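Here subunit A shows up in two complexes: once beside subunit B, once beside subunit C.
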Partner chain A sequence: MIEAIPDLVHHYNHWVSIFLMVCGLYIVVARGNMVKKLVGLTVFQTAVFLLYISAGKILGGTPPIIAEGYEHYANPLPHVLILTAIVVGVATLAVGLGLVVRINEAFGTIEEEEIFERGEQE
Partner chain B sequence: MVLLTLLAVVAIGIVRLRNLFAVVILGAVYSFLIATVFLVLDAPDVAMTEAAVGAGIATVMMLAVLHLTKTDESRPRQPQIFPLFVSAVTGAALIYGTLDLPPFGEADTPVHTHVGPYYLSQSIPDTGVPNVVASVLASYRGWDTLGEVVVIFTAAIGVLLLLRRAQRPTRQATRSRRDAP
Partner chain C sequence: MIADHLPALQVVLPLVAATVCAMVDRRHVAYVIALLTSFAMPLIAVALLIQVLDQGVISYAMGGWEPPIGIEYRIDVANAFVLVILSLVAALIMPYAARSVAAEIPENKQAWFYCMYLLCLSGLLGITITGDAFNAFVFLEISSLATYVLIAMGADRRALLAAFQYLVMGTIGATFYVVGVGLLYTMTGTLNFADIAARLQELDIETSRPVLAALAFITVGIGLKVAMFPLHAWLPNAYAGAPSVATAFLAATATKVAVYLLLRYFYTIFGFDVVFVQHPVAQVLLILAVAGMFAGSLIAIFQDNIKRMLAWSSVAQIGYILLGVSLINHTALTGGIVHLFNHALIKGALFFAVGGFALMAGTVRISQLAGIGRTMPVTMAAFVLAGLSLIGVPGTVGFVSKWYLVLGAFEAGMWWVGFLILITSLLAVVYLGRVVEVAFFRDPEGGAAKAIEPPLSMLAPTWILVAACIVFGIDAELTAGTAMQAASVLIEGLR
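Up next, the complex of A and B:
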């Protein structure tokens, strides 16, 4: 138990991010409601962002804006990647929500199981 | 650390709740929390973008869709053993993987010794921009940003096409098509 404490401190960010990732995965697999599935996808995505940003942090560093008197900066590269990923993520989310609206108009429901039943009846 | 724990609690709330309106609002709370975490982790640009895009635009879009559809989720009919099993196995495998990762926040890990220092030292001589994130985004990796804009443009066209078709009297059309055979 005592030996596990440095592990906990060193990997706390990673473990929380993995927990969030697993939450997102569970929502996507287990829940049939499509809006809920999209929220789950967003949670999953954000967990990956957290993993990247954690990798870029240096303890005792500052944000990567060059200024007099500072030596250690956080790594800017993960920040750039994640900025792009956030924007692309919201674009895909918009397309997904558009599809949900269309499905709701065509089937009258956004529950996966009801749509499957409708498909079997026809 | 407290913030991260709070984040995990909010995620559990998102999994458990069945009222989609509450889920979307919790999603906004989650976005703001993670934006704060990004700020603590020295990523102010990412924090601003996440707060504006994740908590702002995404929430507004979700609420608009909920307005067009319904706000309650139906109960699952079969027990949820298999998804739980898949998630647990994935989580265990990933946690096993983190044990080999370098400790958090140290300066001599591979992440910080590869190409990052080049950007940090050359940004001012090359571009004259003190904010390294901005200079990498707009100058060193400008083509990537162009690609990102193309992705957004494509997504906008896709949404427009999807919703444009929805404006036609599709409901009657589909109903008559279903009744015909």
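Up next, the complex of A and C:
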């Protein structure tokens, strides 16, 4: 048991991002307000960005520059990938918020429960 | 010269056309652009398929950056086949779209509809053609974002809710996929499919938990896009709410591409042994596939909206395709892959016919379509023939798929699976029979009484698909033959 602890602490970056991921997912599932759902979704996505970026970091590593004195550098590829993923995430959020605006216009509310109640009355 | 760049053109052409559509923002110009692009797609796809069958795997270095550093487009028989399915559906849907879109989408949004359609097409083709894990994610999101917008364009305000629901679930799915790819990257240091596969060989997978976690994340993530039972909740609402053209396009293509990506991961990347021999993925898939077949067919029986009914039927049909994967033998996999193609034909034809009802009778509710078989006999006949294919009557494509699936089940020593396929086919008789009964044996009333046949531009694509259902049902040499080759390629892997 005790031997396992250094191993767990060693990967603390994973624990942080998994905690954030689960938080995000919980918000998506537990909240009926659509804007809050999108906030949860964004937290969820951002947690995954952290997972990538922390994996590219080398302890004591420098920025990836080709020059003297820069021998052990962080892996730049995860950063580039996440740059793309951030753009995708922003686009998703924008489409999601756009839909919420349209839903608010059409139904007069962005609370899921209220919409479903009305749907049953119709 | 230009033939060398066909793999890039396949994806770039619709991508550029989409931006042009958005910039001109004139609905007629946008339509012509979308039409011409869609017609060019099957030419490129068929040329690629012929090249692959002739010379083997094509590897295209995007932007001249050699793989595994650069993004590789890699085409073998399996994805060339999927490319052909996608682009044929695209080419048929555009002539059909003109009248239906004009009636269902507000004028100022029609150019955007075509823009989104082209983006979606480009994304789907990109997922199919690419040999790079992260590039696949980007294309997945391009197609998904376009799909959310397409669904939200539906006339009913509930389409907005369906689009939002799909956006939330789809994003969770895509993010799961990214987590999986990230774990694979940390373990192998590469994103190229072939390269990942080669380096996983060198790892001891049993002790490498991140790789197994990656398998789980990727399976669930893509499973959401496939609408694998029980991750299908977004699909019925989305298909029921979207405009008719979008529904037909998505039903015929989107889930198929996701299934292809899943097959790619199972067979090419993780490898047959890891997924099916060392871990019980197939057993889990088998249970989910059968559950999907039954749940989808049973719920379809109780739907009044034909679009929703066919959407539930799609959940069941995806079950058949996954069944072909889960029986882990060559015959069943052939059945699964050939059903990818056949289901695209069948559902395309059915949704085309339903789009005709929506346009001419103004309703897609079964209860309001009484007597539609008398006022729109040509459209209804197409619906019936496509329906027979869905059930799997001999002489239609549905029979070919189910034949291979049943044979595969017996080969796997699971005769009871063959029996289950038969039962779910009978359930299909029930839900399609309801439509036929109302359409032919009741007196026309309401919108159905005044309905006339839709224009030729809509009838012709419908009947081309129906004819294909029959032709490929009688002579399955071409489709089943190609599917068999694709199955061999997948089982042997890239090596």
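The rule is simple: the second predicted complex is superposed on the first by the 117 of 122 C-alpha atoms of A that agree within 3 Å, B and C clash if a C-alpha of one lies under 4 Å from a C-alpha of the other, contacts with A are read in each partner's own complex, and residues count from 1 in each chain.
By our rule, contacts are C-beta pairs under 8 Å (C-beta built on N, C-alpha and C of every residue); 3 or more make two chains touch, one makes a residue touch a chain.
This is a predicted model, so every value here is computed, not measured.
Touch criterion met: A:Ala55 reaches subunit B and subunit C at once. Judged by the touch definition given at the top, the superposed model places A:Ala30 against subunit B, while subunit C stays out of reach.
In the overlay built on the shared chain, the residue A:Val100 is in contact with subunit B and with subunit C. After overlaying the two complexes on the shared chain, residue contacts for A:His10 are found with subunit B alone; subunit C is out of touch. More residues of subunit A are in touch with B than with the other of subunit B and subunit C.
Residue contacts after overlaying the shared chain place A:Ala74 against subunit B, while subunit C stays out of touching range. Judged by the touch definition given at the top, the superposed model places A:Ala91 against both subunit B and subunit C. Applying the stated contact rule after C-alpha superposition, one finds that A:Phe44 touches subunit C and leaves subunit B untouched. Residues 21, 25, 38, 55, 77-78, 84, 88, 91-92, 95, 99-100, 102, 106 of subunit A contact both subunit B in one complex and subunit C in the other. Taken in their complex, subunit C has these residues touching subunit A: 134, 137-138, 141, 145, 148-149, 152, 157-158, 160-161, 163-164, 167-168, 171-172, 175, 178-179, 182, 185-186.
Across the complex, subunit A meets subunit B through its residues 7, 9-16, 18-27, 29-33, 35-36, 38-40, 42-43, 46, 49-50, 53-59, 61-67, 72-80, 82-84, 86-88, 90-95, 97-102, 104-106, 110-111, 113-114, 122.
Against subunit C, the residues of subunit A that register as touching in their complex are 21, 25, 28, 34, 37-38, 41, 44-45, 48, 51-52, 55, 77-78, 81, 84-85, 88, 91-92, 95-96, 99-100, 102-103, 106-107, 115, 119.
Residues 1, 4-5, 7-8, 11-12, 14-15, 20, 23-24, 27, 30-31, 34, 37-38, 41-46, 49-50, 53-54, 57-58, 61-62, 64-66, 68-70, 73-74, 76-77, 80, 82-84, 86-88, 90-91, 94-95, 98-99, 101, 103-107, 109, 111-112, 115-116, 119-120, 123-124, 130-133, 136-137, 141, 144-145, 148, 151-152, 154-156, 158-159, 162-163, 165-166, 170-171, 174, 178 of subunit B are the ones that touch subunit A when the two sit in their complex.
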